[in-house]
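Structure first, then comments.
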Amino acid sequence: MAALRLSATSHIATHSLKTLFGEKTVWLFILLFTVLVVLSAYLGWSANTTVDAIYTDAKQYLLKAGNPVPPNPVMDSSPLSMLRNLSVYFGLIGVLVAIVMGYQLIAEDRKSGVLPLIATRLTSRREYACAKVGVFSGVLALLTLISLLVCGLVFVCLPSISLSGSQLRQLFEFHFFAYAYMATFGLFAMGCTAFAKKQSIALLTPISLWLIITFILPSLMANVNPTAAINPISTLVPVPDSAFFTIVHGYLAPIALAQNFDAISAQLLEYGPILSPLPVIQWGSLICAFTLSALFAVEAIGRMRMEKGAFNE
Amino acid sequence: MTISAIDAKSLTQKFGNHIAVNNLTLNVSQGEVFGFLGHNGAGKTSTIHMLTTLVKPSSGKAHIFGESVTANAGEVKKLIGYVPENVRLYDSLTTRENLRFFAGLSGIESPDDHVNNAMAIVGISELANKRVGQFSKGMRQRVGLAQAIVHQPKLLFLDEPASGLDPMGIKMLRGLIEKLNQDLGITIFMNTHLISEVSKTCSSIGVLNKGQMIFKGEVSEVKALLGEENAVEDLYLDIQKRSEEVM
Amino acid sequence: MNSVIKQIVAIVRKDLVEAKRDRFFTLLISFLSIAAFISLTSGSIALATDISTYNAAKATLLALGKSLNAIAAPEFYPLKLLRGAVEQIEIIGAILGILIGFRTAMSERGHQTLSIVLVRPVNNITLMAGKTIAGITLIALSLLIVFSVLTATLAYFAAIAMTADDLWRICIVWVLSVTYISTFFVVAMWLTLSFKTPSTALLVSFVLWLMLVLVAPQVGDTLDPDNQVAGGVFKQLHIPKAEQERIKLGYASYETVRNGIETASITKHFERASFAILGIKDTYTNMSIAPILHDKSGDIWGVILSFFITTLIAMSRKLTLKSQQ
């Protein structure tokens, strides 16, 4: 019986994988993600090089004017900081890829109206949920691995820059948290797609949540404007010294996933204030959110109306 | 000489390698109720799509009251009404709002009279201010008919109008078709599977098989030839069987 | 002509009634209004904090008998508080446009009503014109609500009466916002009518949004060396303005590429024009409107032309029975 159950789960998983990769939009998003990961490495390197060149120019002026010369802002910067834009692109395209995947894995079955045919063949709904969550987690892990490989290639191509053992570990940790961050939204999308009556609501609910967390919460909690919220440096401004922001920040910090992820990224990629160890509220909120999303997805799939299934529009 | 309501010559519709309608020649006189029969996938809906200008024929010609469906599509649209299979409407709008909209699109200057008239004819005046999204299949079908006649067309195309209706609904539909044809003089072209309704409602029939017209004749002649009971059904099944054998 | 206008009016009226009864649409406007309101409120509170910090520092210095030259007074230009709100409009507003475009197209596809629309004596241009006008009207009304909320909130927080000049500037930015968001509306509507699967069209619209609204400006922003050091690289190095310009000249081609990436995005044009008109950008604070409009004509035309080009392409989309499937 256990073998049969495994067979049903793996069968659904295999079919889901084939269907997922049969969707052109999924490939478009994956391609875009890969391109932006490469771009983020270039942007970091380019920005550092340009700031360094400006410093050299400015130093000459300051020496001529007899003014004191401040230290080079990028001289002592960590090689990892070159990858700082990764946090932005994981937060943008990475999350969107995860949402699209989470949505497609359930929507495809609902749209084609095959849920009653599947349900009459399963011994338990858990098989279906395991298959879907498993495929999602695996494909997202693959995407994260692609990013890790690109980062590795970057440092191979720049032999003058090398990572220490602890920095390498930090790079892995960053990708772990990036995975958790993306998966949170993707699993939430999966749950929404299982629950929603209308197709458009299934897609728009996770996107709305992402918009709130990425653009509205930073504004509410720290007066960070939306364009600053997607700049790895500008987003790290301290909370204004005011009772309002202190109170709001205190209450909303556990759900400020974007800011927590940005803060963790800044520390792990060594381009922001370093706090050792990582504050619990930051990594804890990400892990909690990821866990809750996973539970939500499984529960929502468990409650999905398999006898009807199809969307209303 | 009166102009035919529908005059189609060698109409063909191809979708890639698939020939949906093959060299169809058809003539429907004004005032007729024409039943168009055929198995699923015979090409009945494709024929209606060509005659209603929704799709251009791959070859051949068709005229609606003398107007070409390809060259004078705009004029043809003023003369026809169309009720698709499983007619869909704007769910969040009321019956009156739906009909006003379609009347407006048909170029009716002051649609209120037309809308009230159409609702009265199909018997849905009491549903005027109710949202269509709440209606049953039968009620939707009536609103669908109303939108097709709101601009007083001369020819009405009905695609499987009885699809999904209960016996009461079918009887209601039959009454409406008779009313539209006999009282208002509207020519009716109807795709249908319900042979029992064809024999009660239609004045002439055509049978389509795999895109080709294999029979056309008056219902009265069929009944006279084969006897009253189940004449049309027997004829239809016999034709289909012979057609399968030939092909 | 008269009948064409009547047909367009019938289509516009139908779409507006549908939108009015659509809870989804109400949610969208509320979402954008709340986002913009939050940005404005946070900005106002942050400014109030700066002012009280300054006042405390001022009191301390005066008590010590010292000069106030050491500290800079926070500038108070009410319209500058709209910065965050304008950014929310440019990001979330664009999504509003996409969703309205998607819903406008789906109103025919989803309902499968195209077949009974297309048998009417109405030509394609009339249909598309009607739907486009309806969509733009919805966007204009939505943004009117948003800007009304913002103006009222701004007047409350500023505690000073808004001048006619302030209101006129807000009005111009409202018109520009409508044009900007309508571009996304038209693109999304065209994609939804063109793609086989509507959800694919929605996803492609989001990809375009991501690239134009977020990635292109972000890349341009990131390539700006001044944004790569906390507080700005020139400020960190204590370089005076004149010297900054000289150094920047040495990076003209780099700056051209960077600027080119930014200006490939309609969002950047909208942002630059809006920030200038509202005096958010320091260079334009206290400047009268006419020279600003002249200076920013390139950005304004960038927004307008993007809208017109996308609309022309969308209007050429032929609605057929296949669009319904």
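The first chain written gets the first letter, and so on, giving A, B and C; residue counts start at 1 in each chain.
Following the convention adopted for this analysis, a contact is a pair of C-beta atoms (placed from the backbone, for glycine too) under 8 Å apart; a residue touches a chain by one contact, two chains touch by 3 or more.
Owing to the predicted nature of the structure, the values given are computational and were not obtained by experimental measurement.
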**Q.** Chain occupying the most central position, where position means C-alpha average
**A.** C
**Q.** Dominant chain pairing [most C-beta pairs in contact]
**A.** A-C
(Q) Report the inter-centroid distance (CA atoms only) between chain A and chain C in whole Å. (A) 26
Q | Gap in Å, rounded to a whole number, between the CA centres of chain C and chain B | A | 49
**Q.** Length of the line joining the C-alpha centres of chain A and chain B, rounded to whole Å
**A.** 55
Q | In the complex with chain C, residue positions of chain B that touch it | A | 49, 52-55, 74-75, 77-78, 80-84, 86-93, 97, 100-102, 104-107, 109, 144, 147-148
(Q) If we count contacts the way the header does, which residues on chain A are in touch with chain C in the complex? (A) 24-25, 28-29, 32, 36, 39, 43, 46-48, 50-51, 53-55, 57-58, 61-62, 67, 70, 73-74, 85, 88, 92-93, 96, 100, 107, 199-201, 203-204, 207-208, 211, 215-216, 219-220, 222-223, 225-227, 230-234, 236, 240-242, 244-245, 313
Q) Given the complex with chain B, which residues does chain C contribute to the contact? A) 3, 6-7, 9-11, 13-14, 17-18, 21-22, 107, 111-113, 115-123, 320-321
Q: Please name which positions on chain C make contact with chain A in the complex.
A: 24, 31, 34-35, 38-39, 42-43, 45-46, 48-50, 53, 83-84, 87-88, 90-92, 95, 99, 102-103, 106, 110, 198-200, 202-204, 206-207, 210-211, 214-215, 217-219, 221-223, 225, 227-230, 233-234, 236-239, 243, 247, 250-251, 254, 271
